């Protein structure tokens, strides 16, 4: 068996397990935890398109989740448009906003960029909280939007069981992962990585760094916004502080950083580690000592940064490399860095 | 079309009140190796940066292949066939050597396979194949300099600007590098170098231009230039200043 | 081996945490229990209210269990299963799902925040699990045609309605005439909801609105708002404030010497046990609308409060009384249902007509749900902060029937 | 008009205190090139320290100024030494150590929630000798705790600026902020300087805690409220600039106070973000920032 075959087999097995999981996990509780896990993995993978590959650290991505949720929900509530269509509209809108934000901010470096994205996101959230209606559109200020229960159907994007939500987010995750995989192996991926690491050197090699970043920002925002619609339809209720606040933005970035930003598997690994940790510590520990779970969360964050600053993907893939070499009996293959 | 691939006329650059380059005229013929030398702070790197589009000139014109390229952005110039290296090398440190070279190779193709093919070819020319899968950040200075040329070469340049690619190399490495640059010229690339190591300048260049305080003080064959009184004065003065 | 040292330290921490957890779990539950799922904000911004509600519930459940549990279920004990919502709807929904599906609770209560209660009740409705909402005032919670949602406390349109009734009654009683009115409210779900209804009713009652000012609840400084209030110089100021901003607002008003004739708050931050402690004499004269007050003229109220205060160190609040009463409403329904089947519990809850027992320390006369699950009788009292025995105390003044004997409201509070 | 002048007075006093909360942040950034996301939590630690000291001993809040900042200095010193330094070492070649930012965020989570576990979520204020006291300035009212806060904030900023110019440690801090490597070559122990900078930044958060406690309240996540504002202030003033932090604070305080006389105060928050972004694009280095390629 060659290395390629091994990789392909493992991927297929992983995908099959993901698709088959609901056969084993029938409890809606655990299904919900899995849905949120995939939801965060999806969000982080979308974030990774710009935050990982373009070498910047955006800390305001929740605003695009908000744009997605608001667009599709307002279209549904006021114009009866199916959330599926609203989802795409929201995605395009978010991509446009992303480009508008990116145009000036991509000139900034490091800390300035971080703070700038925070300011944009918080500024937009505060605006939304101050706006009751925007022309004919009812935004409803800080109260947020409620989606009434409708007959469960695909068209209404509402279902009785958790299963359809599970498969929707799983498919969304697979799509964005495939896209990431494709990008990382294509010209734009190379250009992004180069521009992120050494902008001047990349420019000298014919890379229009700003344009590349804008493109990745647009893609990232588009996909992030889709998750907003998904969230709105899953919860049927959202409000600015909860959906567009910094907590979500930070959590997305943390998952990527702990998993390994700029890698394909990083966001998924990050979500696999952090989400269950988040859920179970809250379930089992918050009862006796409120806040203990967040202390543990913070400690893990610090420990990972202390010992594996590149994230958990690098050591894991090294282990996998070793194992794969043993299985495929490739004599001391030149491991290509992931 | 003139025989000159690059023509610089009355090029001037001010930084605030400081004039880094002043009314400089310079040209490079196709297939030539021109060396730009001068004491520290003479404005050599500024000239390079102006030509490479890092910043626009204050006055004067730069013609590349008969087209005025004043104020054109680096990435556009690269597409026109003008590539450069940096004095302080800028490898994509967390990526492999192959990856680094492929970034350059993507200039004329959208296909990853073709870019890899091109990159392999360039690496073979420069003798980088054995470092293919090493991370660029882990290379020695000499290999980094070589990689820097490799990246630029992968863009298929007609004119290559080399900014002190010999600095910090051991004598044997300098000899290797001289051979490499000569090889480039034999492949039809015009080369414009900034260099400090006079041995290399003498061995390499067809012509040498000397600038001092942003002004050209001499130009000619390497032998003629080293005999020029102005040049000797400038260099001695420069040395005294430095000491 | 530095890394190893740190690693084992972490392992020790985790092991200790696990040990704590195991020690904290009940050793052996009684044979028959009724599990009540409870989603509350135990961490995050509303944690302090969440903990108050938790403690009130605990005391009620202890009492019910000590009195023999649910007799029709063979003395079954009530068991509360808590979950932390962090005031976050996503977490609230996830936790509700977990409590229903994994903990297999028989019914649910919670979640204090309207924003969490709204989607959480939707989950319960889908599974057909009864959900008793002690407090979460947003009207729409019981206006969606749900079968399984029951709210014990009043909804916000009733709160606002009673505030204007109070103003009208007091003006008649004291012969005062109030003309101008100002609205100052936290810019959240709750404040903006109130303000919407204020505007309507103020117009109807012929007040002139001189200031309509939302402010961010996280404000570090409310002096700008108070300065504005000072120049608007209204007769009445209506307030909706969370815990911290209520204190800040009151102190800043005192500092800036802003003295409207009537300051009327809407519970929440002003009703918090910490409010008087932190404002001291700057709070005198403030009127506040609450579900309940310690001097409420109901049998058992004083004793229950004393017991609670002894146990936890502070007075019961409206919110905690509602939570306390809700446990008795649940116990009453279980007693009549004689079953732990959610559908039967729902039927029993819908037929609730509770007019006696420990739950009746509430300020109104009974619990009876309308077809939407709203307690028809839920009512509100208005208190005034007054100096009693040299200390600030909250004295019930309205409705007149509930007024503390011998107390004459200072109305207007400032000339 | 009276209201506007009153609002201006208040805006200046609050603004100076916002500046004070941002001072430590800007100092740490200037030296280490790290945006310390835990700064709000350090402020919270400062406020809780002042709270408990005053509550338990009943001393005057400004006596606490002599006790709290030194404690906080050592807290910050060892926090940097034990937690942040190891990450820094691993990333020392990186121009902008992003991993360190993440670590400070971890510290933020840990500190805030440790406080929650220890003290509970309730907000606390302590009634001091000067709480709710004010004096009249013509027809305007000036709050005593805020006025003294203003004085202390300005004094701290001036003191810090002098310290940076006149003392040996201050010069070492400045040298490191200009060029890490060069400072290293000059025999300055880079990491020790970082420890000191972090300690000083934390001590200033302690001063801010003492100043805020007579009129503001403390609870475990109080830092978040001041944090985002402090970020805005330091960017406005120029990351790393001491007078910039004070001026940035004044700008924010004035916008907040004066603008809200003409519009709903919820909108001033949006305006602050808008002005922040405009300044960032027009003059990315802020009012006093050096234009340097860090």
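Worth a mention:
Letters are used for the chains, namely A, B, C and D, taken in the order the chains are written, and counting of residues starts over at 1 for each.
Rule of thumb we're sticking to: a residue touches a chain if its C-beta (ideal position, glycine included) is under 8 Å from a C-beta of that chain, and two chains touch if they have at least 3 such contacts.
Keep in mind that this is a model prediction, so the values were computed, not measured.
Between subunit A and subunit D, the least number of touching-chain steps is 1. Relative to the centroid of every protein C-alpha atom shown, the closest chain centre, again from C-alpha atoms, is found for A. Our note on geometry: subunit B versus subunit C, Cα centroid distance of 74 Å, whole angstroms. Centroids of subunit B and subunit D (each the mean of its C-alpha atoms) stand 48 Å apart. With centres set at the average Cα position, the gap from subunit A to subunit B is 43 Å.
Distance from the subunit A centre to the subunit C centre is 36 Å, each centre being the mean of its Cα atoms.
In subunit B, no residue touches at least two other chains.
Each of residues 113, 116, 120-121, 264, 266, 269 in subunit D touches at least two other chains. Residue positions 43, 47, 51, 187 of subunit C each touch two or more of the other chains. Contact annotation for chain pairs lists A-B, A-C, A-D, C-D, with touch applied as defined.
By the touch criterion stated above, subunit C contacts subunit A in their complex at residues 3, 6, 10, 13, 17, 20-21, 24, 42-43, 47, 51, 82-84, 86, 88-91, 93-95, 97-98, 100-102, 115, 118-119, 122, 125-126, 140, 144, 187-189, 192-193. Subunit A makes touch with subunit C in their complex at residues 27-30, 32-33, 36, 129-130, 141-144, 146, 148-149, 160, 231, 235-239, 241-242, 279, 282-294, 296, 299, 303, 307.
Looking at the complex, you find that subunit D touches subunit C at residues 2-3, 6-7, 10-11, 14, 18, 113, 116, 120-125, 127, 131-134, 141, 143, 215-217, 219, 221, 224-226, 229, 253, 256-258, 260-261, 264-266, 268-269. Within the complex formed with subunit D, the residues of subunit C that make contact are 43-48, 50-51, 187, 213-216, 218-221, 223-225, 227-228, 230-231, 243-244, 247-248, 251, 254-257, 274, 278, 280, 282. Residues of subunit B touching subunit A in their complex: 52, 54, 73-75, 78-79, 83-84, 86, 90-96, 99, 102-104, 106-107, 109-110, 112, 115, 132-133, 135, 151-152, 154-155.
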